[in-house]
Amino acid sequence: MPIVTIQQFPRPLEQKRELARRITEAFVEVYGTKEEAVQVFFSEIDGEGWAKGGVMGCDKTDK
Amino acid sequence: MPIVTIQQFPRPLEQKRELARRITEAFVEVYGTKEEAVQVFFSEIDGEGWAKGGVMGCDKTDK
Amino acid sequence: MPIVTIQQFPRPLEQKRELARRITEAFVEVYGTKEEAVQVFFSEIDGEGWAKGGVMGCDKTDK
Amino acid sequence: MPIVTIQQFPRPLEQKRELARRITEAFVEVYGTKEEAVQVFFSEIDGEGWAKGGVMGCDKTDK
Amino acid sequence: MPIVTIQQFPRPLEQKRELARRITEAFVEVYGTKEEAVQVFFSEIDGEGWAKGGVMGCDKTDK
Amino acid sequence: MPIVTIQQFPRPLEQKRELARRITEAFVEVYGTKEEAVQVFFSEIDGEGWAKGGVMGCDKTDK
């Protein structure tokens, strides 16, 4: 622990790498967690697997 | 909020579109939630990623 | 399957009862799922366990 | 219920088949659950979707 | 990894202790995972937070 | 989106407040997400609901 699961649109590896680094750093600095204890999972989903306001992401015109 | 995560077998987009619409409508009518606050995630998994009664979906004969 | 997990603020039982009924009905009508196959989990969280826009729910003035 | 969701690296079907069988057996023997009530979901993620200690799995040298 | 999340009715500690031991053992024997890498989370929910077949657990007569 | 779910031991509100602020900031700066789109859920669990290496948290002597 802690285990962090992120539901998001697909992102390039370099952005996920940087985000995981910063989130881990936040746990270390704010909670005093050991770095190795922090795990981050990226659960990526595209516009055919997600809806907001009852409209699928792939159908939105103002995404 | 609310965030709705659905674990299911893969389904065609038009069925997910209709389901997301109806689930969102249910939140609006029953909870009084604003439509835009409802997000639905479809986490689709096939018969090689799911088991029931100790038997993988892909091995079932009476699915 | 399907398994539906809802992350939401705490709600009265009668609202959850009605919502579960309507969500289940949506699966039966849209997917043709058997009613008994649909399970709904309510994962309720209060304003001390949720943040939006970097602000905890309990600190919001315009919730 | 119970619903078991496993976040893991991808594994061959035969290993998942055996694991699901053993986990289900554990519920039946320890909790007295009916076999058919146990569902297991494998949420598989590769080294580009998971980080530990702030380092993506695909960047680790000592995985 | 692996991370195991179990959605279940509340159970006594001694049953969860035995179940966690057996699930961990299954990963070690079937996947060859190191014991320390296996984490199990029990997400317990009662009959007011779960529905099956559109009926809340607390309303069922044949639970 | 993104939706961030954190499985962790219980923590004081002020630590969660600071963590949510920093995680949200990371999404804004790394992904260019709008601040309001980021939601963080804290799913807190104690030593009777979590096991590592087959041992419940409440039974560990070297936690």
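Some notes on this structure:
As written, the chain order gives the labels A, B, C, D, E and F, with residue 1 at the start of each chain.
Just so we're on the same page, contacts are C-beta pairs under 8 Å (C-beta built on N, C-alpha and C of every residue); 3 or more make two chains touch, one makes a residue touch a chain.
For each chain, UniProt lists the protein as follows: A, B, C, D, E, F = 4-oxalocrotonate tautomerase-like domain-containing protein.
Everything numeric in this text was worked out from a predicted model, so none of it was measured.
The set of chains touching subunit A and also touching subunit B is given as D, F. Of all chains in the assembly, those touching subunit A and also subunit D are B, E.
Comparing the CA-atom centres of all chains against that of subunit F, the greatest distance is found for B.
Homomeric contact subunit B/subunit C is classed as same-residue, with over half of its interface positions used by both copies.
Among the remaining chains, A is positioned farthest from subunit E, on the basis of C-alpha centroids. Taking each chain's centre as the average of its CA atoms, subunit B and subunit F sit 25 Å apart.
For this pair, subunit E with subunit F, the centres built from the Cα atoms lie 20 Å apart. Centroids built from CA atoms put subunit E at 12 Å from subunit D. Counting partner chains per residue, subunit A shows two or more touched chains at residues 1, 3, 5, 7, 23, 39, 41, 43, 50, 52. An unclassified topology is adopted by the chain contact network, corresponding to no line, ring, star or complete arrangement.
Inter-chain contacts occur between A-B, A-D, A-E, A-F, B-C, B-D, B-F, C-D, C-E, C-F, D-E, E-F.
Within the complex, the subunit F residues that touch subunit C are 3, 5, 13, 16-17, 20-21, 23-25, 35-36, 38-44. Touching subunit E in their complex are the following residues of subunit F: 7, 43, 45, 48-56, 58-59.
By the touch criterion stated above, subunit B contacts subunit F in their complex at residues 1, 3, 39, 41. Chain contact summary for the complex, subunit D toward subunit E: residues 1-9, 11, 15, 18-19, 22-23, 26-27, 30-31, 50, 52.
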